[in-house]
Amino acid sequence: MTHMLWVVLLPFLGALCCLILRGRAVAGTGILFSLAVLAVCTNLLPGIWTQGQIRVELGGWAAPLGIGLHLDGLGTFFLLLTAIVGVLVGLYAAGFFAQDKKHNAMGRHFWPIWLLLWGGLNGVYLCSDVFNAYVLLEVTGLSAVGLTVLSKTTASLVAGLRYLLAAMFASLMYLLGVGLLYAACGQLDFVLLGQDMTQSPATLTAFGLMVFGLLVKTALLPFHFWLPPAHSSAPAPVSAILSALVVKASFFLLLRIWFTVFPALTGQAGSSPVLPPGLFLGLLGGLAVLWGSLQAVRQIRLKLLIAYSTVGQLGYLFLIFALLSVSHGAGGGPSGATDWTAMAWTGTVFHVFSHGLAKAALFLAAGCLALAMGTDDLNAMRNIAGRMPVITFTLAMAGVSLMGLPPSAGFVAKWMLLRAALASGQWWWAVVIILGGLLTAAYVFKILAYTFVPSQDETVPLRPVPPAMTLTALALALLCAVSGFRAEEVIALLPHGLDGSPLSAQGGSP
Amino acid sequence: MQTFYLGVAAFLLLTMVVGLIRIFRGPRQEDRLMAMQLFGTTGVAVLLLLAAAFDASSMRNAALIFAVLAVLAVAAYARGPNRREKEIK
Amino acid sequence: MSLAPIFDILLITALLLVSWRLLGNSDLFQAAVLFISFGLFLSLAWVRLQAPDIALAEAAVGAGLTGALLFATLKIVEPKQGRSKNGAQPKSCRLDRAAECPGRMHYILASIFVLGLAGLLLTAVFSLPDTANGLAGLTSGFLAQSGVEHPVTAVLLNFRLYDTWLELGVLLLALLGVLGTRDRLGPQNVTAAQPPNPVLSWLVRGLAPFMLLATVYLLWLGDHAPGGAFQAGVVLAATLVLLWLAGLGSVVRMPRHAWLFSLVAGFSAMLVLALCTTLAPDAVALAYPQSWAKALILLLESVATISIGVILASLTVLVLAGEGEANGAGAAETDGKNGM
Amino acid sequence: MTTFHLYSFAAMLLAALGVYGLITRRHLLRKVMALNIIAGGAFLLLISTAYRNQGAFPDPVPHAMVLTGIVVAISATGFALALIQRIQKQLGQRPDQEAGDENPDQTETSRSGP
């Protein structure tokens, strides 16, 4: 078994190689390292499978003094998603940045920054230290901005700056929280903090600030303003990375902060606050589902539509806070509580997975379309279905998963969430889920409708799209569908052992 | 002796606070820049006094850095008329 | 009865006054000057709170680099403003045209939010215990085994080396991000904007050796007293920027490979340490081998100093030079040659 | 009212002021400065809490954290200022060009030309 640090170290090494090399070697090295990272991540799986969780102390200093790395089932899952999407987007990027001289220059910068970002993301999934998490948030934030502005258009520069300001603000709020937390508790490790967490004004404020910062980073509804411009104006592979992976990292940290560091404050350890903070997050999440999807329906530019769809789909993730905040409220909760908490966890994690794949597929397909037609205006897409059937098929497959229709991973995720909502007696979340699905269907059909409309005027000549690009987009969409067909296997693959949180109760097989 | 050092430091700080008026009121940009430079010099003095008051010799290094680097901002400002003015206009 | 409280209150008044005015109604030039003064007052606070390490860093960053960066940006953003006699309110901001002019409601909501935040923060702070229960005891307990005598250096380069490694990554990323928006790969061939001022170049010629000496001194100091890689790196960066301003050789004259190598040196030194310690059969990840700790820390610090210096200097030089250099008929071709 | 309380009080006020400035100021340069003031507040909080056990030497861990934070802050500030410059240049070059109607995946946009 390889050392856990390798999932951080290897992308960093790749980034340095890409930085020093020139010409065609850059993309080749990048892909090579992507495959290596995927291999290392897969290699960690057996260890998690047998031991549940792995912990390593860096530098040989035990937790309160040094920094620990901590990997459990949840983290492994995020690692794997990042690796799968990362490899495919890397293959796509090799074709995308080989188009012409200008894109070549972009690709020259893309690879080092993307690999550094990847290392940062992997670091987040191994993280077990609140301050270390701050540094990692900065690594991911700065590299995400660096990728956003690569195309150098005014729109992307403005969006990137806005993104940078929002990210800096978010991490500073988080840092203020860390400062208060350290002043009150005197240590920084997730697990140690969680063990002797007490309620005091200082810890409550720290909790609020840290959660606030992470919400801004995850673009939950009132703080989503930076996301659509940034995600829609970046180059296509970057949009895929930002939407599918980067926002998930801060969500992952939010899960950690919520369930590991502050279990005493979030009603996990039995004590129930009057208004569970989880309910508040769930409410915002529900609003985000509806608002984001509505905005997506109104868009006329494909990439902006997909970006708003991200705002909506991220909302589903926050339902888990509301679902789980009730479970421990009235002493024991309804019968079979562990059953549906496990379902809520599985649904959420599965949604992360399916949304990551589907959204990456959508952005990559949109990139292919934009390359072929020179624009991503929906009006220009008339009759594209006949002329680019593979891309249209990709759009449809990914759309089906977003809607949550049966043969897809998205269906499994939403089905699980729906059942968890109903089983816990919180039917109103079920309404939100169904309404969100309907709105999603509206914008997915809007895209498809445009592609099937026959065009009156003479057909615009299409630029050829490298098959590597088309195929990677298709592969992502197919992967999403297949994992829906074979949902039980994937659920069984969901590594278990989620350190005290209810996923551990779920076991290996459904 | 510590009281004496602190007293002088506090007095110098008071002059700096009063000196803020020059930055606030101007009227010319150069006046503001001069006030900032004065702050730099007084700041070095305050740092040295604090170092003496707390008997921490390591703080003198901060004064040293201050004195050496104060020139950078002014040098960046005084780089002459920017030739980009014609371009933006 | 000591005079310390009077000093404290004066200092805090100054800090709040400066930041209030800086964010309130002042023209941008004034704001930049105030911002530099803010850094100055903050470093006084660091000294007062017995944090000389931070004071050193703040003095170098706040007094030197930030000021240079702000003035440079100001010249490009508000070219006339820097010269105007009496700072009038800056007219509409072209950078933010998409945003509507904030109405009264905006201010009211912001005030409510900020007042709530301030109330929360103040309650939190006043509920904190009066004595620290942090990791001070543990740190001093293991200081002897860390290889250095200064606790902050021990934390940065031994106990929490991983953070420092990532922090060098952040620095590198900021520069990569800036380079990504440029048409060229590095600061090479970025020339000084106009013939260098003879007085400045004379001054810098005299000053530069002292600053380089200060760099080495700070680096050496980090082993047993406040100082170390970061402070030394910032002083090095300031030296390099001054050299560039004076039209003397600096990062812009470095051969591309040497420049690239010094950019990544600090980050990759730690990467090599991580690589070796994870591959070696009986080593602990990111742990120094016994008895090598002192030498390795010194080595890592020296390499990190060079990296920090070159990265920050390149960043500042690129901002100071603005876009002017890449803006010409030859830029497109150079892009092709240099960018690949 | 100890020294620690005094300075952490100031720290929190600075942070709140910075947040107010960030929300209400429109100019991007001022927003960047506001962010730096929030950072100053956060750092001051960390250092003042480290100062609580006067007499003994202050806790070095917050000092190390603030040093890291300062590096991060200067990096992000430099990056933001470079972006502001670039935007200003592109808007200045083509004042009639509306931000937002460009397509990043398009290939014909050559920005470096005169």
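The first chain written gets the first letter, and so on, giving A, B, C and D; residue counts start at 1 in each chain.
Here is the rule we go by: a contact is a pair of C-beta atoms (placed from the backbone, for glycine too) under 8 Å apart; a residue touches a chain by one contact, two chains touch by 3 or more.
All of these numbers come straight from a predicted model, not from anything done at the bench.
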A-D or C-D, whichever has more C-beta pairs in contact: C-D
Per-chain CA centroid nearest to the all-protein CA mean: D
Centroid spacing, where centroids are CA-atom means, of chain A and chain D in whole angstrom: 26
Between chain D and chain C, distance of the C-alpha-averaged centres to the nearest whole Å: 11
Between chain C and chain B, distance of the C-alpha-averaged centres to the nearest whole Å: 18
Centroid spacing, where centroids are CA-atom means, of chain A and chain C in whole angstrom: 31
Of all residues in chain C, the ones touching two or more other chains: 4, 46, 50, 65, 72, 76, 95, 98, 121, 125, 128-129, 132, 134-135, 139, 160, 163, 167, 170, 173-174, 177, 181, 183, 322, 327, 335
Sites on chain A at which at least two other chains make contact: 131, 135, 138, 142, 145-146, 149, 152, 157-158, 176, 180, 182-183
Junction residues of chain B, two or more chains touched: 87-88
Of all residues in chain A, those that touch chain D in their complex: 99-100, 102-103, 131, 134-135, 138, 142, 145-146, 149, 151-158, 160-161, 164-165, 168-169, 172, 175-176, 178-180, 182-183, 188, 229, 233-236, 367, 370-371, 374-376
Residue ranges of chain C touching chain A (in the complex, touch as defined): 95, 98, 120-121, 123-125, 127-129, 132-135, 138-139, 142, 158-163, 166-167, 169-170, 172-174, 176-177, 179-181, 183, 185, 260, 263-264, 267-268, 271, 274-275, 278, 284-288, 335-336, 339-340
Residue ranges of chain D touching chain A (in the complex, touch as defined): 15, 19, 22, 28, 31-32, 35, 38-39, 41-42, 45-46, 49, 61-62, 65, 68-69, 72, 75-76, 79-80, 83-84, 86-87, 90-91, 97, 99-111
Footprint of chain C on chain B - complex, ascending: 2-3, 6-7, 9-10, 13-14, 16-17, 20, 23-24, 26-29, 32-33, 35-36, 39-40, 43, 46-47, 50-51, 54, 56, 58-59, 61-62, 64-66, 68-73, 75-85, 87-89
Contact set on chain A toward chain C in their complex: 3, 5-6, 9, 12-13, 16, 19-20, 22-23, 56-61, 64-67, 101, 104-106, 108-109, 112-113, 116, 119-120, 123, 131-132, 135-136, 138-139, 142-143, 145-147, 149-150, 152, 157-158, 176, 180, 182-184, 186-187, 200-202, 204-206, 208
